[in-house]
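Provided herewith is a single structure, encoded as structure tokens, for subsequent inquiry.
For clarity, chains are labelled A, B and C in written order, and residue numbers in each chain start from 1.
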Amino acid sequence: MNNPYLPYPVRIAEIRVETEDKNLRTFKFEFLNPEDEGKFAYLPGQFAELSVPGQGEIPIGIASSPSEKGFVLFTVNRVGQVSSYMHNMKAGDVMGIRGPLGHPYPLDKLKGRNLVIIAGGFAVTTLRSTITYLLQPEIRPDYGKITFIYGARTPGLLLYKDEWMAWEKRDDIDVFVTIDREVPNWGYRVGFVPAVTKEVCPPPENTSALICGPPVMIKFTQPVLEEAGYQAENIIMSLENRMKCGLGICGRCNVGPEYVCKDGPVFTLAQLNRLPKEY
Amino acid sequence: MPQLSEITNKIRESARKALESGKAEVVIGYRQGTIPLTTAPFFARTAEECDQLVWSNFARINLANYLSGRTGKVALVAKGCDARSAVGQVTENQILKDNLYIIGVPCSGMIDNNLVTAKEPRPISEAVETTDESITVKGGGFSTEIQKADVLRRNCATCVNRTPKLADELVGPEINGGAADDFADIKALLGKSLEERMAYFKDLIKDCLRCYACRNACPLCYCPICFVDETRPQWLGKSTDSMDTMTFHLLRGLHCAGRCTSCGACETACPVNIKVREFNRVMELTVQSNWRYEPGLSWDQKPPLTMFQTDDAADFIK
Amino acid sequence: MTEYIVKQNALADFFKSLASGRRLLTPRGTGDKCKLGETPPDQVTLEYTNTHLSPKSLLFPQTERLMAFHNERDKPNGYVYQSLGDNGEPTVVFGIRPCDARGISISNKVFQNDRFTDPYWKGKIDQTVFVGLACDAPSPQCFCAAMGGSPFGESGLDALAFRQGGDLGLKTLTDKGAELIKAAGAQEANLADEIKKLEATAIEAQGVKADYKPIDDLDLMDLFKDPHWVATAENCLNCGVCTFFCPTCHCFDIQDEASERGGVRMRNWDTCMSWLFTVHGTGHNPRPTKTERVRQRFMHKLKYIPLKQDGVRGCTGCGRCVAMCPVNIDIRSVALKMTQTAPSPA
């Protein structure tokens, strides 16, 4: 029988330091057993448990897109025991990944709509997956206008620089990157994400917003969208809570009757408005 | 023979006065339990709520446990042992002395439910208590009177501090203690080999679930994060591994050394009836014989293991 | 569903047959030592109130080793977790109480949920046949009927046994149960009316007649926001006794323990009463004080589980938490307070 607790063994193919404080690194994993890649079929917005034998597991959003074959990407912030341990691992080391877990962004249901994708700090990971996926030539025509707003405190804390710079040059996505405070030689926007959103977000008609960021960013961006006329059904967010099993069994990540791991992590604001704010 | 209702009335009166006079914003006492043979801690904030306070032969939980970290003014209904724990909370800087008003209840000891059910194994649906000398338990077709002296908790049977001497007021006549704990069994145990001692304690905790009710019921265990819960570094495994379980009990025993007032809350809370106090009694004996110190009997004396003095006994360090 | 009877003088053979080819677990010991244990067929007793801890550990042990690895990084499968198996074995449980069987059926929907199946749970439950023993003498703390169960409840059972004078009546409830009981030589009998009568008497004998139905109809957020939670939680010690004794509490922690040579990944019972249970890596805690944690426990039992399980409550009325709570937080009183929640204007 399939054992959802058992990680697929993977080898670290590459580790990229993402931020100048070196607290964020992107791990590129290749499956030890090639047939596991097919079993790990995922969609943007899902997450996995990264599993280090003897250390434990951490739930991390999948940063790669299903369209990227042969590997999976995860960007890991150094906070606890497992992530700190991972930051000392090197290419070639073996560990495990378990998933995919949770529900993806409902991209299927959003076909034909405009999308505004709003990211703050390192919560951009699953939105990187989303944009990479949406920009595939065979997928891009299914959607209307795509707007990407991405903010971080400083330029050195922005992830995936090569990628958003490349997206910026395209004409099928509008990219607005912002930092909190002016610094020399910064050629992009300055200001908090909510302010930039207010300025550039498209009209709410036939548009859905995907938001992922720190609680403070979400707290102040949400009213901006509501004032702009966005319905709660069309504001889509991804939650984080402490998790262990990822399967809706071990019990700790619940928000009311819903488990963030199994029933989320993606919820619409309309759903969250009917649930306790225990996240 | 004091009637419980008399003490109850005096507690209510004192509680109302404490609230009215501004000595306290809340009175922590006991109310009647929802099942036989129990009381529940209760927080009275109005004169009306004071009418729910009771005195009982089942007032086992140590209410000083609710003091640590409190900022407002509080009145505490306290037995001898609880009052000593409350004094400990003050000397260990967990609550300001000025914020604490102790309503002392001279105590003739509390009942151990396990001893009651040993005497009357039939399901008990009601317990009637009018005095502090006996109770009557009732159930389907029976009514049995039980003398309190026969079912006292072990710590209560050897209590010598029945009257809370440092209380701000007493709600009943002083009660003197009987024979103190002579620690005969502990002394005999300590005379045995290391292996025998280890075997004794291993057997003692074999049913432990690590629910930590003992720790959480203990007024001494106020650490914001207990060492068993620390994750970075994680000192202890979380499984039912017997060494991890033993480490928890040994370290808790050591942390409580020279601070435990034998209130028995740990044993009352333990859902699998482990004699948790055995660890504390070893330390109690050690501290008493090395420093002649008994906790909670003075406002300005600190527990010996939190102090260093050049003439401290050192022969126990090997 | 067929009824059977086993005459007093045939009981020994009946239990012998139950135990043949599998282990027979029944309640053993008294008081706080009463628990399910392997029982020789001639030592089965019908005289007990209930096991001290709920029997959930049979399917969900307090500590369960899930997988292991060897630290031989250079060899194939080195440093890679391998499952340690489910450790299930053919088992018949005789004498589980209907409240506890109901607890297992509630947890079963969590361990085998709409998306995932827990193989360690499934491996054990699939090999176990549950024969319950109905309660004819409820303990003073029993309130299964008020929670929607019954002393003759059938949920989670393969067969229900009940005492009929000195004989043992039986009602089979699943194919698994029917096969077992038939093979054990019980005689068919028409006992449906008898069961109804006995059940009514047993329900009548339970003291608690409270009606918790208003909770089902109240809005989740109204229940959640009600101010009573502060007072309800005020005397809670935040120990884990209620959760450890509860037949439906199923929360666990996953932990790795490693040495130089390898390690295991295990799960251990955990408790929502603990601050650690929900704290984020950043230090943020969605349930920072005991008020939120106590509310979580009761909301989970009485609102969240019913919402997810077609109205079935997550409390089976076994009474263990009521009896064991060191500070007498009584779920029956809490449930009553919840029924008194004022609905917010629509």
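Everything that follows uses one rule, which is that a contact is a pair of C-beta atoms (placed from the backbone, for glycine too) under 8 Å apart; a residue touches a chain by one contact, two chains touch by 3 or more.
Predicted model, so just to flag it, every value in this text is computed and none were measured.
Using the average of C-alpha coordinates as each chain's centre, A ends up farthest from chain C. Across A-C and B-C, the chain pair carrying more C-beta contacts is A-C.
Centre to centre, using the average C-alpha position, chain A and chain B are separated by 51 Å.
Per-chain CA centroids place chain A at a distance of 38 Å from chain C. If you average the Cα atoms of chain B and of chain C, the two centres end up 32 Å apart.
Multi-chain contact residues of chain B (touching two or more other chains) are listed as 231. Residue positions of chain C with contacts to 2 or more other chains are 253, 255, 257.
Taken residue by residue, chain A touches two or more other chains at 80, whereas all remaining positions touch fewer. Of all the residues in chain A, the ones that touch chain C in their complex are 1-7, 9, 32, 51, 53-57, 79-80, 83, 94-96, 215, 240-242, 244-245, 247-257, 262, 274-279. Across the complex, chain C meets chain B through its residues 30-32, 49, 52-53, 62-63, 137, 139-141, 207, 231, 234-235, 237-241, 243-245, 253, 255, 257, 266, 268-269, 271, 274-276, 322-324, 326-330, 332-333.
Note for the complex: chain A touches chain B at residues 80-81. Against chain A, in their complex, chain C makes its touches with residues 66-67, 69, 71, 73, 78-83, 110-111, 113, 115-120, 122-123, 220-221, 224, 250-258, 262-263, 265, 267, 270, 272, 277-282, 284, 286-287, 292, 296, 299-300, 303-305, 307-308. On the side of chain B, the complex with chain C involves touching residues 33-36, 38-43, 61, 65-66, 114, 117, 121, 123-125, 139-140, 209, 211-213, 215-217, 225, 229, 231, 237-241, 265, 268-269, 271-273.
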